[in-house]
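In the two complexes below, chain A is the common chain; its partner is chain B in one and chain C in the other.
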Partner chain A sequence: MKVQARIFIILISLVALLFVPRLFSMDYYMHMFVMSEIYAVLALSLALIVGFSGQVSMGHAAFYGIGAYVSALLSVNFGLSFWVTIWIAGFAAGLVSFMIGVLVLRLRGHFLAITTAFFGILVGLVFNNWIGVTNGPMGVAGIPRPAPLNLPGFTVAIQTRAHYYYLGLAFAVMVAFLVYRLVNSRIGNALIAIRENEELARSIGINAMAYKVLAFSIGGGLAGMAGSFYAHYILFISPVTFTVAESINMLVMIIFGGMSTLFGPILGAVFLTVLPEFLRMAGSLRLVIYGVALVVFIIWMPLGVWGSLKSFWLGRRQASLSEAGESQEHS
Partner chain B sequence: MLEARGLSISFGGLKAVEGVDLFVKEGEILSLIGPNGAGKTTLFNLLTGFLKPDSGEALFLGQPITGRQPHEIAAMGLVRTFQKTNIFAEATVKDSVAIGFHTRRHANIGDILVNGPTSRLEKRFIDGQTREILDFTGLLPWSEYLGKNLPYGKQRLLAIALALAAKPTLLLLDEPATGLNPVETKELIDIILKIRSIYGITVLLIEHNMKLVISISDRIVVLNFGQKIAEGRPDEVAKNPAVIEAYLGRGFRNAS
Partner chain C sequence: MLLEVRNLTTHYGRVKALDRVSVDVPEGTIVTLIGANGAGKSTFMMSISGVIRPSSGTIVFAGQGIEHLPSDRIVSLGISQCPEGRRVWPQMTVVENLETGAFSVSGKGVVQDRLESVFSYFPILKERRQQLAGSLSGGEQQMLAIGRALMSGPKLLMLDEPSLGLAPIIVEKLVSIIREIKEHGTTVILVEQNAFMALQIADTAYVLETGRVVMSGKASELLQNDLVRKSYLGI
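Presenting the complex of A and B:
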């Protein structure tokens, strides 16, 4: 019953999301929504690393960038289709995160955060200075749009923002589903065990290093695919998009929404993409309000908006349980 | 079952464990005792892969385990608990114990993505087994509690329940009775005896509570300053002059 109710709510929300382009026809809004979808994928992939396995990465934008560059360069130089390059981008970013993961995941806490941040800076330097390949600060222009999608019976060209919106929605829903299945599997159990208590996890037979690397690789690979989508949406990429500031932006999204939940990162991604735009009404106070709002949320909702709501509900359940438990103990 | 020969490790100039031989026979309850700092927990860490010995080797079920990773040794059936209370604080008791089944889950990635037959079978198996272990350790009424919200004594039991879920054939308990009141200690003795009689698990435990040690051990090994100073049945060990000296000092023996 509870599960059915949940599935029902999710289906209703998805149907509602299908109508968004009809309600907001302005390009400006649609752009915000497409970016929200990209950030939802990035936030989910980062939540897998930070929220579920407890390894703080400050270099996530590097994998986003690697995916974007791999996909863009393969399309521009070799004429490969987006439908092929998105997979290569995901694989390449996943492979790099695997190699970096093996090296850095033996570090913990602040050391890991700093090291991944430096990795992010390093990748940014490569984008900027390997001019022969990346075109340096000039960026890569002229990235082709995705080829028309041949669905059984009809063909859809990916032209308007609404097309990208539906494509991004499908992408984000698939990633959310993937992460949902992963965190509810033996893999997710192992990751949570490592986050909660790595020593104890190892003592009951969990190969902590292998699972941390696995989460890091999958997270990096998904970020790479998001980068590919971004490149073929904006049609121009340059190093300024893939900075450590962008990594921190993604971290803020998952902290805001609640990083150990599935819906939290999505909520954080959408809200923190849309909010700064709405705050434009406040003029020069925009960033001040944004900053204050973040500080307030993080102080009063340390588990994130969604995480705090969940724990509030669970806490009430715990309270009623504790009465029940004690009466059972004494009887 | 477990056979260690000449295990040694030193930290800087301190010889924490020095040339210790240890044999654990299948089906016995063996206690490891000794004054604080004698090297008991260090020996546990050496046996379970958390530390690598400088010299010596250990065999478990005929397989060498020195130099292996903790998770590999645990998967072989040698599972330990910790001296400090080590639990998954933010997970419910039920979920914690379910995590303990890790080494017995093998659903592949395809099966995980579609929630296929293996995943569903695993879930049913784990639900049933978790319930059984919680019932066995008396934690069933607490199954929906977060680990951190349990009373201390129950947290100690949760650590044992978690270790049991990992399906040990040899269970290493590091001071399981620390901080327990007399009633809880009696419950614990009962549980340790049942771990052997019902699950057929061999138990090696470190404990300072002598009443507990004497009442359940088949054999006792005594460590002092990293070396084994005595070994034998409880009554033999209790009378051993070297043991009395280690615990009470030389003067006591002269005075008596």
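Presenting the complex of A and C:
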């Protein structure tokens, strides 16, 4: 019953999202929405690492960048199709995050945050200075659009922003579903157990390191796929997009929305992609408003918007349940 | 012998917390380690379970050396521990805590059977199954922690100071449950500061002082021993 209601709401929202390009035909808005989708994937993948496993990463943009560069360079230099390179990009970013994870996930708290930030800086240096391959600060231009998609019966070109919007929607929905399945599985239980108390988790037989590395690798791989999507959407990439500031931007999104929920990171991604654009009207006050709003959030809503709403609702439900007596079971 | 520990030495950095400790745990018995705060009791348990690496010595469990194995392997071999301080996952429900304890177990049927058997030891947990663990009383949280340790179906259950901070009447209850667990065939290592309680239910006992075994024997004999009576029982 409860699950059915949820599925119903999700389906209705998805159908509503399908009509967005009809309502907002301006390129400017559509661009914001496509970027929101990319950030939704990034935020979900980061939430898997920070929210569900409790490992603070300040280097997520590095994996985003690795995916973008791998995909762009493979298609520019070797003519590979986006439909192939997005997988290679995901795999490459996942492999690098696996190796980094093995090295750094022994660290905790600030040490981990700082080390991952350094890793982000290091990757930025590589993008800037390995000129023979990455073309340095000049970036990689002339990235081809995804080839037309051959679906049974008809062919869809990926040309307009609306096309990218639908492709991005499919991508974000698939990633959300994957993360949903993951956090509601045994693996998800293990991750939460580790986040809450790592030593306890180990003492009952959870191989904490293995699960942390797994979450970090999957998160990094998904960010790499988002990078590939970005590269073949903007058609140009350069190191300035994949900085530590961008990693912090992603962290802010999940803090804002609520990082140990699924809807929270999506909400944060959309809101913080759209909001700064609207704040442009406020001119130079924009960054001040933005900063103050964030501080307010972190202090008064540590669970994020969605997390706070959820715990408010759960709290009321728990209270009404205990009033109703002790003998109820859900599930 | 289910568990044979020989010359176990464990360090924290330079500090030696265990010094050549040897302990025998016969199958189907309750063995207790008693000692003052800081004697090394928790360190002993965590060295067995692989949460801390011993610096030297051997640990043989059911004929197999386990001192180099990671903690998840040790759990799947059949050693389970309930760490000090009633540690549960407060944000998870009672059932989720228990299911997480069965992490090394595969098969939904097995997990369901284990849940039922834990509920038969601790009926109160069944009543509270959907409650958040953080909302349980101290005694209930302790029972949940023990129940969670039982979920992996251990041959050897290690309990670290289960009676700490509990009202005497709850301790009584715990004592009878630990006896029951033993009667169902699980061997128990009980680490306690509450020497009186421990010596009453244990078969054999070891007294630990600053990382060394200073005395050992039948629990009933130690209960009569003058030194033990004076230092640990306050009689």
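We take it that the second predicted complex is superposed on the first by the 316 of 331 C-alpha atoms of A that agree within 3 Å, B and C clash if a C-alpha of one lies under 4 Å from a C-alpha of the other, contacts with A are read in each partner's own complex, and residues count from 1 in each chain.
Everything that follows uses one rule, which is that a contact is a pair of C-beta atoms (placed from the backbone, for glycine too) under 8 Å apart; a residue touches a chain by one contact, two chains touch by 3 or more.
Every value quoted in this text rests on a predicted model; they were computed, and no experiment measured them.
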Going by the contact rule set out at the top, does A:Arg202 touch chain B (first), chain C (second), both, or neither? both
Where does A:Leu182 make contact in the superposed view: on chain B (first), on chain C (second), on both, or on neither? first
Contacts of A:Arg108 with chain B and chain C, given as first, second, both or neither: neither
Given the superposition on chain A, which partner contacts more residues in chain A: chain B or chain C? B
Does chain B (first) or chain C (second) touch A:Ile192, or do both, or does neither? both
On chain A, what residues does chain B touch that chain C touches as well? 186, 189-190, 192-193, 196-197, 199-207, 318, 328-329
Under the definition above, what is the set of chain A residues touching chain B in their complex? 178, 181-182, 185-187, 189-190, 192-193, 196-197, 199-208, 317-318, 321-322, 325, 328-329
Inside the complex, what are the residues of chain C that reach chain A? 46, 49, 51, 70-72, 74-76, 80-81, 83, 87, 89-92, 96, 99-101, 103-104, 127-130, 132, 148-149, 152
Complex contacts: residues of chain B adjacent to chain A: 48, 50, 69-72, 74-75, 79-82, 86-91, 98-100, 102-103, 105, 107, 112-113, 115, 119, 122, 141-142, 144-146, 149, 162-163, 165-166
For the complex, which residues does chain A have touching chain C? 186, 189-190, 192-193, 196-197, 199-207, 318, 326-330
